[in-house]
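Presented sequentially are two complexes of chain A, the first with chain B as partner and the second with chain C.
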Partner chain A sequence: MKGKSLVMAVICVAVCFMMGSPLCFGAEPIKIGGIFALTGRAAHIGTSQRDAVLIAIDEVNDKGGINGRKLEMVMEDTESNPTKAVMALKKILEAEDVVAIIGPTLTGTAMAMRGFIEKEKIPAFMHSGGDVILKAPLKKDDPTSLPKWTFKSPYKAADAMGKICQYMNKHDIKKIGFLYSNEGFGKDGLRNVKVQAPKYGVEVVAQEAFAPKDVDMTAQLTRINAKGVDGVIAWTVGPAMGIIAKNVKQLGIKAPLFECHGAGDPVFWKVAGESGEGVMMPSTKIVVADQLPDSDVQKKKIQAYVKAYRKKFEHEPGTMVAYGADAAFIVVDAIKSVGPDRAKIRDAIENTKGYVGMSGIYNISPDDHNGLSMKDIVMIKATKGGWKLLD
Partner chain B sequence: MGLSEQIAQFIITGLSIGAIYAIVAMGFNIIHNATGVVNFVQCEFISLGGMFMYTLVVLLRVPMFISFFMSMAAVALIGALIERGPIRYARSKEIIILIFLTIGLSGTLRGTAQQIWGTDNVGVPAFSGENPIHLPVGATLLPQHIWVFGVTVLVMLALRHFFKNTMSGKAMRATAVNRKAAALVGVSVDRMVMLSFALSGALGAVAGMIIAPISTTSYDTGIMLGLKGFAAAILGGYGSFSGAIIGGIMLGVLESLGAGLISSQYKDVIAFLVLLLVLFLRPTGIMGHGESERV
Partner chain C sequence: MENRKEYEEVSMPRSLRHKDVICFAILAVVITLIPVFVESKYHLIVLNIIGLNTIVVVGLNLLIGFAGQISLGHAAFYGLGSYFSGILTVNYGFPHWPAMVVAMVTTGGIAYLIGYPALKLRGHYLVMATLGFGIIINILMGELEQFTGGHDGLIGIPPLSIGSLTFDNDLKSFYLIWTFVFFCMLAARNLLRSRVGRALRAIHGSEVAANSLGVNTASYKVKVFVLSAMFASVSGSLYAHYITFISPSTYDFYYSIQVVTMVIVGGMGSLWGSLFGAAVLSLISEALHVAKQYHVIAYGVFLSLMLIFLPEGVLVSIHHFYQNRKLKKLLAAEKGGLTG
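Up next, the complex of A and B:
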């Protein structure tokens, strides 16, 4: 008798063990769609955001998934191209039963996907920098037709711009030139700087554009410099970040160079080289985690995440990893609390309050599908291949 | 900074970018003259040149000078292999089919490069420092810009010597004028065609390598430069060598002046409007003459 109950106990333990183990997930996995710029000019951002999301998914699955169901990401590449982004979205929606979309990376691709997302009624947490994806009405003639299903994890570009202008105000920079890439993100920056700069007593005396794949911006910078500016803001991501830094050094422009909130990434040093030294930019705290004061509520969480990131990918995370991670964790939390139902997930995301993320503290509401504010942003300076936290 | 200094800066910038376009245009022309094909793999030659250079100089720490020639030889070899394989054994010799074949090859090579090097843009150190040089006219340029000009001029002189004074060069020109007649007088036409692909590969690689320290490089950096070089070749007269130089320099300077003096927002529009205008008035391009003399 004793032997029999022992055998039963062993079987019980074994069954329990197997039910908790990944081998024994009986149920279908819950699928989310991941759409990133894995190739093309924003590839360095897209791939690091994908990595950030993968870490979040690993973490969930290591802890047994969501109600015994594994979480799985179906991934597509936008090739940094709006048309391809829409095709990628359609492909995922037709082929797979996904409950939410994470991504895309670029503002242009997000704008192209947005209408489709709203029509399909699927929650999408995007990583795009531009605010226009939340602010531009869906129907031209109806200003109240704002997106209901679209969210974005990076803080508002307007706040990032405001942060730069605030810093300029503090350091007596009054006349600036604005250099932007001639596509969605850059134009969004131009709109923002026109609103934010006057608030902080900064005047934009020159504005110049360039094509995202241009290899030389000295013509534009010469024009800006001729106006006698005491600060330059360059609003772009990708190789142009480095080319501009090099061109500024080449032309001997003394005015300090500020770049956008996407520049705080290891790739900045790859494209800028030594010319990157001294360039300032707004950033998430993830790149300066160790320099944060201990009183910062995000510090511990960020440090733990950075550790996991380093271990899995063997390199330093860039500023935009934070956006990918936050979008993924908030979506995962929503799925955990309401189950795999698109409409309920949307509502849950919209009700996220006080979530301590990598990029800041999210307070999402029906009027604000981003939820971060200017105080979540820090100013950093490119120093010796790394980053220094500014006051 | 006064207007004249600004204009000097725009022209210097335009010349250096234009020199790159000219080399690329030259690559297109050489293959066009030998085969009649527009070789879109030219774009990949540029990217590969830059990426080989990056691999050798930055990853393997081979001296710059040696890396330069190694990369050039490697891409020339790839060019030759492309001719030896797919182009020579294509079952159709229709020009349009061969052009599509090069588009396919271009995609294949780009995909392979992406697998090998990833998608990040990477920097290559400048050939000789990064301290700006101030010209008396008020413009500044980097030592690398001088390298760009110098190498371009050297390449052009070398090509001129090759086509005018060497047996292989003369044989290549003969092949371009009349393939059958060239074969009849004992020129190995197949070898000449292969040589033209190798030469184009080397030219593309040079363009990719000299621009890399200025613009950084990646697996797909050649697409934009390739297309601009193609436009330059058309502008100068497709197939014409002096046309390639004039077209390249003109396109580069126009872009830069357009961005600097008129509007940076319409930089490419201005350059391409001029291209359209030239083709409208002179459909053969600036230096082109009537029917192109392809084989």
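Up next, the complex of A and C:
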């Protein structure tokens, strides 16, 4: 009796090992590293980007993987902290044979990782908003030392601001107030609005700052309103998006409110509630997929993706899901065409031309490691808990 | 002279000195040998971060464990070290080592300016002063864009080097950082075994009693505060040259809390506890990543349990436990001897 159970145990263990071994599933999986802000202040963005990448990987694997090999993501959390991001990168590079990195979420973490990515020579497709990760030279005294291995999927923040100003120009909004959170993202917005607004004949007559954790912006909005503005831009993500929308309604400010390109997310409705009605913002097309004209080349692809997303997570995707998905799909396409080789993947990504993605049409080149343009951005309006595509 | 020697021997039993020598010898051997067994860059970076934290925690422990004062602004001193080193080398082309010394001295000077008024007052005014100071410095890092690079951070900080040896990978940095850890701990140990150390212990025991015995408590407290800020600054400089990029979010309020927690977990007033606290907390926070996004909760639960059951810190608690057992055994033996 005792001998029998021992034999059984041995068989069980053997079977378990075989299940885990590549023998049962054919070739070994191809691994990519996913580094996201899953906790910390950017957790809501990081998790939705992770979900976006997971969908993309599921899709590839459902179709039989890449040349018969499954795709697998090794995931790490940056905790929204630059030091931890570097540690996460080294952990992934050390423990697994990854061919590319997707992420991270925050610009600060991306900046910290950038130097090490260049040193390790591994292609990285980042989701960070800040243009600085591509523009800032690696060595301070050498302006040509731009990153070779780093790419980013979200469109440039300057283009998003340009889109708003273009819309204002079209709708006869000439004098605006600019309200921004006093940290990296908000200040970047301030720099951009000063460049973009004059291009479209828009004048910034008032600028006000607030701390990211402030709970009331009526004072700033009152000062802006006193200047007789006919439009307000608020540049921030997180709870402040909602607070500003509420304050604008409470003060009875008639001038339309515009928010940043990160606002088009279900989170916006959570923080703004009914006051969110009528707020306008630049966004990727993913949140208004069904309203796109049939002539739009992205429409079918986005609709199919959104369907898969809804099925897996049972909620609507936000605007930032598009960035995660695009980064994943472009990397996957590169692996498909050149095989799991880091240097070749990098070259393939750099040669991506006319790729129809969720966020737009990517034309990546050695000079432009992002590849999107202002044409890819749409203006949307918050309506009845959802989004309406503006002309 | 004769007298003094006698006094030293009374106050510092020979066995204790031996024990310290052995401990430091073990530390030196472990530091030298670790890279033989650890090859992974990830493990090395974790060890390096532990080393950097240890330097800050050793300094902070001098303040908390011996002067009985808490600082919630050590992230700022750590950051000042990083930023002075970074700005001087990147923007002004300073050589690395002098920049590090300038950073250390300037940070010490700034700490003196804060500590001097705050520590004249009795009670925990230093906590308030450093809390505010930490937040102000963190804001300045983001606002003084022309110097600090603002929230985008300061890029391209060169790695440290001695002659032709450049500390540009994890292994070389490991030896560099842990050499600093070793000497910082040695310095702290020597300080504690000196007249200053005894004065600090007296202050920790009872400020009034120390005062009445002629110890200038205010002056000692300011000095130890300045010293602990300088430790943090050195660590910050090493961090900047190691990671080669710095941005304000590394030096936020959370980091100040983290190092205070390390002091408490390791054991207030315990030199080896500082090393232990820094190591345990850094390792736990990494190890808990297996719990995916729940690692934050797991970390919190772990800390709460630690503080409920081992409020004096792990190392100190273990030490007390053994001392108590010894005492009980002695008592039992004595009792047995009496009745028998």
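Quick note on the criterion: the second predicted complex is superposed on the first by the 362 of 391 C-alpha atoms of A that agree within 3 Å, B and C clash if a C-alpha of one lies under 4 Å from a C-alpha of the other, contacts with A are read in each partner's own complex, and residues count from 1 in each chain.
We adopt the following convention: a contact is a pair of C-beta atoms (placed from the backbone, for glycine too) under 8 Å apart; a residue touches a chain by one contact, two chains touch by 3 or more.
What you see is a predicted model; the values in this text were computed from it and never measured.
J.: Which of the two partners, first being chain B and second being chain C, lies in contact with A:T39: first, second, both, or neither?
T.: both
J.: Is A:E183 in contact with chain B, with chain C, with both, or with neither (first, second, both, neither)?
T.: A:E183: touches chain C, not chain B.
J.: Is A:I286 touching the first partner chain B, the second partner chain C, both, or neither of them?
T.: It touches nothing on chain B or chain C.
J.: Looking at the overlay, does A:Q220 come into contact with chain B only (first), chain C only (second), both, or neither?
T.: The answer is first: A:Q220 touches chain B but not chain C.
J.: With the two complexes superposed on chain A, say which partner A:V267 touches: chain B (first), chain C (second), both, or neither.
T.: It touches chain B, and chain C stays clear.
J.: Would you sort A:G115 into first (chain B), second (chain C), both or neither based on which partner it touches?
T.: A:G115 contacts chain C only, not chain B.
J.: With both complexes superposed on chain A, which partner does A:L93 reach: first (chain B), second (chain C), both or neither?
T.: In the superposed model, A:L93 contacts chain C only, not chain B.
J.: After superposition on the shared chain, which partner residues are touched by A:T47: those of chain B (first), chain C (second), both, or neither?
T.: Both chain B and chain C are touched by A:T47.
J.: Quick one: classify A:A245 as touching chain B (first), chain C (second), both or neither.
T.: Once the two structures are laid over each other on A, A:A245 reaches no partner at all.
J.: Where on chain A do chain B and chain C both make contact?
T.: 38-39, 43, 47, 182
J.: What residues of chain A sit close enough to touch chain B in their complex?
T.: Those residues of chain A that touch chain B are 38-40, 43-44, 47, 182, 208-211, 213-216, 218-220, 222-223, 225-226, 238-239, 242-243, 246, 249-252, 267, 270-275.
J.: Where on chain A does chain C make contact in their complex?
T.: Spelled out, the residues of chain A in touch with chain C are 38-39, 43, 47, 76-77, 80-83, 86-87, 90-91, 93-95, 107-108, 111-112, 114-115, 130, 132, 136-141, 182-185, 187-188.
J.: Provide the residue numbers of chain B that touch chain A in the complex, in ascending order.
T.: 1, 6, 9-10, 13-14, 16-17, 114, 118-123, 125, 130, 132, 134, 140-142, 211, 214-216, 218, 220, 223-225, 256-257, 259-260, 263-265, 267-268
J.: Which residues of chain C touch chain A in the complex?
T.: Residues 40-43, 45-46, 49, 90-91, 142, 150-153, 155-156, 170, 239, 243-245, 247, 249-250, 286, 289, 292-293, 295-296.
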